[in-house]
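Quick one: structure below, then a few questions.
Chains here go by letter, A, B, C and D, matching the order in which they are written, and residues are numbered from 1 within each.
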């Protein structure tokens, strides 16, 4: 029997990508697709790729109805909204996979500091499971509330976790330099996502202040078993999809690229969606439209530094694909169900 | 039992796209993947998106071995090569789907004129079936040799066929103005596909001399029941995938957009991969990575002209996806098998 | 003594491009730069390329002050605004170069039909000179009010004028198929100019309804000496700057590419900013950032059709550069002053 | 009297950009433009933007003739060629500005190590002046042989020099993460610059092995007065022009963004082509087509790190523009001559 699934916030890119993937997921029945400002619009007009796959219009979100009709509700909302809606859904026994940042951080004060808002439901932060299967698979299986990772943290944690677990690197001086396509900024209009301003251009943004910083730190600290501080610099580049993370970590001992590659190969040997790149280097195009994260590592022997590089499609492994991977885990399905397709190249 | 499939010319974009789609086709077993200049290379290095899906190396093409091991062989080769290889394969009872232009034109002299070469196997031109299911479905089902359409003709014929059948337009003065992404030029290196020359640029090319002209004319003539001449102007625009055809045809009688839309709706009511766009206009992004052709039509009442517009992904509906649709037909499978997924958006 | 120049609407792309070009114009002193929604902002923040060239903030537009302090005022405004402001400036003896459509059409009823607004100052339409130097140079020299051409009409008229004057083509069945970069849509935010929607995409827009249609028709009719109707289809392609016009006109008599090339060469032999392309075909990149229009023509002998192609930078020859060319004419300067630089390539 | 200038290697992007800028330089007369594989071709066909500005064909390079006819010769050649040609030109009293890496490194063994070739003229390495005016202005004025900086080093050194001079940072653990447009790879064809492979893609390349590493280290070591090692990671992003350098340096003492901004402001207060960005962050688009380097600096107080960011157009300040700035210095002209124009935006 199909899992009944609803999407709250179906008119944005995260919601549209959920609809694209769930429309052909063999174990899923799409129930409600809600939107706020774009309600009562045809999904196939909002997303012309979905014509013939997702028919019907977006509706207004109604927690009671959503919970009654759905086994699981995906929330694809701006920060601050899911923290109010998720508790209502959970109380009525729907499972929730939240793609917003609202349940990712364990310490409520981090929302004050980085999101400039008091958390509305801090009592759920402990229960929420951080939805990166590569580091929290067991807990995800039995979770009611999954906090799906941010796009940058998904790539950064997969890039860095084996290094930090290896004992071969220091835990200070970690730098995460990331390059993102523009779809990561969402479908909302802004001068920073206006075509003519972004095309043929590259710039850093939110230097030292990006909200994914504490999320990366929290997850790397858990992996490392001690408190980690990172410098995180995101950059906007002229493409639609894709994140490339280049991470730098000082070595704690002499080691080689071959040694570290072996560490990565072992760490991810059973992961269905992590591929170790051995010839060439990761590139976002190899993951386009797919749920894969391509990773590699190099040693800069002259500088005594490890460099790990990870590539994802920010809308898939960095958002909606990972969310569906989580759903599969929560409902006892094979983890790859509906996701096991290669990306587009070129 | 799976269909045994080989791909000749697997290192180019057409071949890679066949591999991408066939790797997850539920009724197919990939047997041999051949390449000429890039033989003995890992497919997952040639196409990093295929890592985990298509393992093994490209091999040299050997007609006997290909035919012995394959139920069908896809040929993704430059013009002039398939015309020699296909007969060898057919003689050994393999079916052939040729993505090159070598068997598309019925009149041998057109190869002399437009391709500047004498056809090596003109005796097969009659037997070859032009592989556009929207106009040749019945013949494709029983074909041994299918000539898969060129990317521009696929879009142009789908855009124009209902108009020409309707009797509402003239059969002269037809203009096909097309805009293509760069992948249509293939993976071979040239100054015309060098990033810095193409990016932030648009130009027409092969004005009045493009080789797809006689192919469009042949197919439209068959649809119209009389000889059709078209003016065809392709343009190169800075994107990777996608063709948009804007076609202009003088009206033979007064008609309206609503009338012509009804004509198109009826013409394509049973087509699994043609979608009539009723809100907005076709855009290539709605078809990205998918086998769909999105079409619409408008009447310019002031000028007495019909304008039809079609969008496809040139590597899918314009090449490899259409070829697999043909394979499904030739082997009695449901036509959508392995192809029924929405495109990426955005 | 320098010409005192003000720019009304300096925060948009047209205004910013005027500022870029006028900042290094040897005979110009920039006086006031005004903006409506973005007033009191540093020009060097609105346009970071202008840091070190244009200092100071945008101010509110005040007609009296503008006229008192300026010899000429450039209006870079949305349609409907300049038609009110220009008369005020003219009354106080400033010359006006209007980059909006407000004074381009001679027949007031065309504003009702195409712009859905009654013209506020129809008494100025006769006086206004259409500012395409290639067709109206003499009148521009003595004009008080110049209506600077739309970006598409600038390219279309330069592409087609010699053909229509030659007597070798019919005056019916003219098709103008144009491809534009996104900056032509301005700096205002919209879903249609959101990076992720435009990148890796092409679509037609405003099919049969684009407002530049009557402008093209008016100017071609004047050139031809009889009333001309055109079918005009603009397309949006994923680049920032550039327009390529591909125009189709049925031949009235047998002629050749060589004949028509001679017609173009003669027609534009004295034009400082029209270049006849004899090797290869016009491409927008060759005009990037420059005031040049690159043009060529071909005969499709099979179809009995002429194809003319023109490329411009829509913000320069299609807007601000042409406006400065007009200013040079109006103030008796050499026409190329401040504009005689090659485009960027690549 | 005009400076007589020749360009060796005029068919590549560096040579074309020299021609673009020199064609409108008020004190220059272009004499010979040479090309190897593309000799006897019209410059206006090789670079269609130059039609009307640079007429005539490329010729074969002849050292004697070049030296006899030129006051200065620009060499825009692959590594290994200028090291043979420059001595011949110098012996015949022409000045040489070499855009290749052949005279940038002072230690001959670095050519063995990083360029895998023995230097053919090591006796000239001492005399050659590294042509970054911001750090070597005085020596450039009297140089016969200027080694024009690599594109990455130009941006990296401008980004980091004030930090290293300030005494506020450590001299170890320096990371230079750079993002480049594709024109930096030149006009030669390769799979890595094929449009369909690069578009909608980002990847690192030459990790730990890029040849600009020793050049950055040499120049920073000179600035710092002690030996500096850097980790340098270049990335290729889907745009034509522009380099953004994001550099990370651990702090040696507590400091603030305001303190470091003051350091930069003072360091570059007299530089004609370095702009300190105080609002927003540097972006390559603000420098497009211009000779400016836009720079800023931030402190990450949590991590104890300085982040400096620099943006340039790799073909101008990163190559040909800087070379002309050097020529101006060598010939006693005002440094900005022919270069003082703003970039294109958008």
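Following the convention adopted for this analysis, contacts are C-beta pairs under 8 Å (C-beta built on N, C-alpha and C of every residue); 3 or more make two chains touch, one makes a residue touch a chain.
What you see is a predicted model, and the numbers here were worked out from it, not measured in a lab.
The interface with the greater count of contacting C-beta pairs, when B-D is set against A-D, is A-D. The chain with its Cα centre farthest from the Cα centre of chain B is D. The pair C-D is the one among B-C, C-D or A-C whose contacts match those of A-B for more than half of the residue pairs. Rounded to a whole number, the gap between the C-alpha centres of chain A and chain D is 38 angstrom. Once the centre of each chain is set as its mean CA position, chain B and chain D turn out to be 45 Å apart. Annotation for chain B: residues touching 2 or more other chains are 13, 181, 183, 196, 199-200, 238-241, 283, 285, 288, 346. Those residues of chain C lying in contact with chain D across their complex are 13, 16, 20, 23-24, 42, 45, 47-53, 183, 199-200, 240-241, 275, 277, 279-280, 283, 285-290, 292, 294, 340-346.
On the side of chain A, the complex with chain D involves touching residues 173, 175, 177, 179, 181, 196-197, 199-205, 207-208, 229-231, 233, 235, 237-242, 244, 246, 248, 250, 281-285, 288, 298-303, 305, 307, 309, 311, 346.
On the chain B side of its complex with chain D, the touching residues are 13, 181-183, 187, 189-191, 193-196, 198-200, 238-240.
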